[in-house]
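Note that subunit A is present in both complexes that follow, paired respectively with subunit B and with subunit C.
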Partner chain A sequence: MQNDYYKGLRSYYLTVAICLVVIAALFLISLFTGRYMIEPEEVIAFIENKEIPELSGRIITKLRIPRTIIALFTGASLAVSGAIYQGVFNNRMASPDLLGVSSGASLGACIGILMDLSFEKIVIASFAAGNLTVCITVMIAKLIGKQTEFSLILSGIATGGLMSSCIGLTKYLADDERKLSEITYWLLGSFSSSTMKEAAFISPVLTICFMICLLSVNTIDIISLGKKEAKVSGVNYNMSVLILISCATLMTASCVSVSGVIGWVGLTVPNLVRLVFGNMHRKVLMLSMLLGIVFMMLTDMLARTLSPDEIPLSVITGIIGTPLFLFSVIGRRKRDKVLQ
Partner chain B sequence: MNRSIVIKNTKKLIIIILSFVILTGCSSGTASDPAINKSVSGTAADKNVTEPDKNGIVTVTDMEGNDVEVPVNVEKVACISQSATDLMIAFGLGDKIVGTYRSFTYNPWAGVIYPKALEYKAYSYSVSAEELLKDGVELVIIQDTENAEAFRNAGIPVIAVHQYSPEGVFDEEIYETAHILGEIFGEETKREAAEWERDVKDAINEVSSLKKSTCDETVYYINGEKQKGLFYSDGGNSMISSILSTAGLSLATEKYEVLNVHDVSDEEMIKLNPDAMLIGGAYQNYLMQELYDSELWSNLDCVKNDRVYRIPVAMTGIENVSAETPVMIRYTASLFYPDYDYDLDKDLKENIKKYFDYDLSSEDVYNMKNAFSKDGEVMVNAE
Partner chain C sequence: MKITVSKLSFSYENKEEVLKDISFNIDGCGITVLLGLNGCGKTTLLDCIIGYHPVGKERIFIDGRDINRYTANELAHKISYVPQKVECKIDYTVYEYILMGRYPYIRPGRHPSKNDCDIAKKYMEQCRIAHLARKEITQISGGELQIVSLARALSQETEFIIMDEPFSALDFSNQSIVVELIKRLSEEKRHILLTTHNPNHALHMESSAFLMKGGRIIKWGMAEEVINVTILREIFGETVCLSKDLPFNEVSLKLRRLSG
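This part shows the complex of A and B:
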């Protein structure tokens, strides 16, 4: 029994180590991958602080590094927030998309764009609308009655639908030649306009949220057992849920505000991790974060390399994410049958 | 006991890994700053920024009010605007264009009148900044600024030009794109732009004198540049509104700002009941068919009275701000003032000869008037 435990732990650490190596490798590869050909030697020279052609330097510093860093943070945030929603609501279908958080945060950002607000204010509007959406979703779920998987998902779909309609209204009101295209393009998700300023703006917020979440893994485990069990274990249920949901929503809203709406990451990645490593959140959160980073960095590289135009990120995450999610669902069913 | 030690170690490991991830992110960020200085230092571009050379940079205010610093002697331009592309070619700057908005490349007349246009790359508004850098683009002139921030981040100056006025009425803005091109490309272009402006003003004066005879008709415009349907039109702050008002006419959708596709409902259309209709763009033949097939549209007074008019398609749809604008102004007036002595064929031939040095045959003019290609085929816009 104890051998199994240590065996599981060993494979977990091994996976973490592999993910870290892959992330480091992807970070390097992303610096010389794109529509403009930069030789790996130039990237190495750049890292060694040697002289490289001006254009290559400009592309690496102004385009590729900012977007890769934002991809890194976005992948981690969306996957971790998905894992938290799933843990807190004890619902494997919960994700920023399905709970309507993405739509709510998008609505906040759309209103911000429509009102010509600054970037910082758009983030705040996005965060406020995202939080409001979670509150509405949870309230409707309570009104529906039993806290089953379906009541929460149902209320998430309803709230998300309402938010989508409001987004439609902002698009209707938007100026056709300027703001409408900005909103439409942004709603599909892209890192094309990423800057170091944006990265610097979101990274402290996200880092603090990561810290809080990663240090609360045991609390999430207890919360996912239910309110009664949490109280018996001495956990302040309401406060913990509030803090965790706020962190998850803040992470989602921050990502939505800089890169637009990116679906599937928050749903697919944690479910894949749960399939392989079980439901202990200390493993789920850490691996979701790392795999989310890998997933998003690969997505970004495809988005900016495959075509002369930027392919919207949600298009790629949808194409890759759907089969992966189905795989995780089918895999879970098979595993449950074997255990029975 | 063992289990609690493992949990403690796990927590430590988590914090170490997290620190590593954060440091990876932050170090990449901080490393980039000296790298910017390093990689860009010593280059001409950097000298322009750090030690501005008054002769090397020209500051241009674009149509969104942005002050944009553009290096003089720009040789490679991504002109992602049909209107600006038309004007650049007319002003003798066609060689500097690397790529243009994709719809422009689908218009077969562009390649006939100016064969080098066949070499232009087709860009969309969401073309990636890296693609532009790969093509060596030094300046972007663009109509839809959705991706402009990415170009600016890549160090490519972006000039926004529009076919409508954010301020209200599109009036003096007609000349804005030409003025901007003059500011960027120097004296010769300024002279070309000034001559074009004179031609446009002559046409306006000529048509304005006709307004003595009262004509307060309303005209509905269908923008057939893209296949977006019969409701795709323009509003009161647009170029077409300005052209119509010059001739003493008013756009039926005047009260709207630049329109979205479905802003005019079926019922609204019946209420608008325009006196006449103008259909432009490469898709006009399809739209004309759709118009006559529709029960609603075919029963509008202007359709029943046979007052649906085509707008010729030359280098671009002539209702756009373009070298052909003087022709559009006179042609529009000729449709509503039967006494106005005007010969579209002659005007179009002279205009194309003057600005593009191309001799149109009578058959060519016939094809342009019907939105056909040079071979007399229906123009198919691949978009």
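This part shows the complex of A and C:
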């Protein structure tokens, strides 16, 4: 028993290694799959820095690479932010939608699209609106009263609802056919318009967030014990919660602003990890990140190969994510019965 | 190791004062029991000492240093805490949960060392809960969870251990296990400060006792000396009788039909 912790670590490291190999493979595969098939030999030649047909080269550098990078970061950040919200709010059903962040960030981006802003401004608008939503949520939670964990969730749902209505309003105002379809399509989530500029914009931000989160895995464990126990276990509770929630929010908002709303990843992936590997956040965060990447890359590949037109990502994540989520809940029940 | 409380008053959000002008001094190893009715301010007092409720300057000193000058981590090396009820709803295993008691000693992002695992295991065995190690904390009974939470506090290895109603969910056999454990800890150069509303616990543990009523400490001293019928009647009302004939010098609290 004394070695339980280290025994568990072996299978954890093995899984991490497998995930890394799978991600590397998926990265390569995603470079040659899509509507315009590129021969694997050409991709290998491209990596070896040899001459390849100009069209293929341009598709790889201008479309496939940025798209894959954004899929990678989106999957990782949605899953990690979900895991953080669950830990900090001591609630396994929490997800990035909980604080209304997704809805808030979407509203910002919708307004940006409506006002014909450039990409950078849309990202900033979306990020600002996401943060504003968090502030509103926290303020309402304080007005509700003492039980901050519960009232925060409650006010998050309310704020999210309000933001969704405002998104409806922007759709109503966008009578011009082009914009309405742009907003609607973007809201369903897509990587098809990803550019290198977007990838370069979000990668450093998200990498810093990941590093902060992976360094605070022990803190998340302690915070999930509740405020009183956390304070006596050497954690500066208010500051840590603020930093972790801000990181999670920043990750969600950045993803929403480049690729629209993609549901289910933040809820399903961490819950599956918790089912198989337990709840220590050191494992939950790292594996959620890796499996989130795998999940999102697969989803994106399906989205661009299943039909001649791109299928919106949320459609696929919903169809795959819902049964997986139910499996994680039911699986947990069954496992509990076996243990008893 | 020393805790000094001087002229501490506390109220929740400008309401009536829950603690009124409390001063005391706890020094060296031993057991101190806070005794009183529900709502007399016992838990609030503990919460102030563990730094959960912010208190004014120069009200609580730990080892001679104002509690406000401690960082959370420094305080976690001095004081550990056993809550009355575990709030965590995430299903960690018992072993993982106890291992978290070692976190104040682990640097950010690092794994617990083999030594940390050994310490967690040691206290799990000392509290006789080794058989629960792989169960989830959401699946075990309230009494078991209370002992698990005690083991977590112990693995923090602090000189001061503060317990809020550690017996509230325990059956008789577990109560005696915990009483014995607390006695042994007090012999190992630790000081245990706990609340209870059962005077017999104080008598059994041969502890010193603070008797609280209405936010004040009305009497203190060795449990043997301060716990007598007069003072207990003052706290608990006319339901108490103290019998020298009972074994182990116990008091018995009788339920009386309320007239009226």
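The criterion applied here is as follows: the second predicted complex is superposed on the first by the 309 of 340 C-alpha atoms of A that agree within 3 Å, B and C clash if a C-alpha of one lies under 4 Å from a C-alpha of the other, contacts with A are read in each partner's own complex, and residues count from 1 in each chain.
Heads up, the rule we're going with is that contacts are C-beta pairs under 8 Å (C-beta built on N, C-alpha and C of every residue); 3 or more make two chains touch, one makes a residue touch a chain.
For clarity, every value in this text was computed on a predicted model and none was experimentally measured.
In the superposed pair of complexes, A:Leu214 makes contact with subunit B and with subunit C alike. In the superposition on chain A, contact of A:Asn90 is made with subunit C only, not with subunit B.
In the superposed pair of complexes, A:Leu63 makes contact with subunit B only, with no contact to subunit C. Here subunit B and subunit C are compared by how many residues of subunit A each touches, and B touches more.
In the overlay built on the shared chain, the residue A:Asn49 is in contact with subunit B alone; subunit C does not reach it.
Judged by the touch definition given at the top, the superposed model places A:Leu9 against both subunit B and subunit C.
Judged by the touch definition given at the top, the superposed model places A:Gly331 against neither subunit B nor subunit C. Applying the stated contact rule after C-alpha superposition, one finds that A:Arg282 touches each of subunit B and subunit C. When both complexes are overlaid on chain A, the residue A:Lys228 reaches subunit C alone and has no touch with subunit B.
In the superposition on the C-alpha atoms of chain A, the part of subunit A touched by subunit B in one complex and by subunit C in the other spans residues 2, 5, 9, 214-215, 217, 282. Here subunit A touches subunit C in the complex through residues 1-6, 9, 86-87, 90-92, 214-219, 221-222, 224-229, 231-237, 278-280, 282, 336, 339-340, going by the rule given at the top. Those residues of subunit B that touch subunit A in the shared complex are 2-3, 6, 10-11, 13-15, 17-18, 20-22, 24-26, 28-29, 31-36, 38-40, 42-43, 45-46, 64, 123-131, 133-134, 143-147, 149-150, 153-155, 162-164, 166, 257-260.
Within the complex, the subunit C residues that touch subunit A are 47, 50-52, 71-73, 75-77, 79-81, 83, 86-93, 95-96, 99-101, 103-104, 106, 108-112, 114, 117-118, 121, 130, 133-136, 139, 156. Contact residues on subunit A toward subunit B in their complex (touch as defined above): 2, 5, 9, 13, 16, 20, 23-24, 27, 34-37, 46-47, 49, 51-63, 65-66, 68-69, 72-73, 76, 172, 175-178, 180-182, 184-185, 192-196, 199-200, 203, 207, 210-211, 214-215, 217, 282, 286, 289, 293, 304, 308-310.
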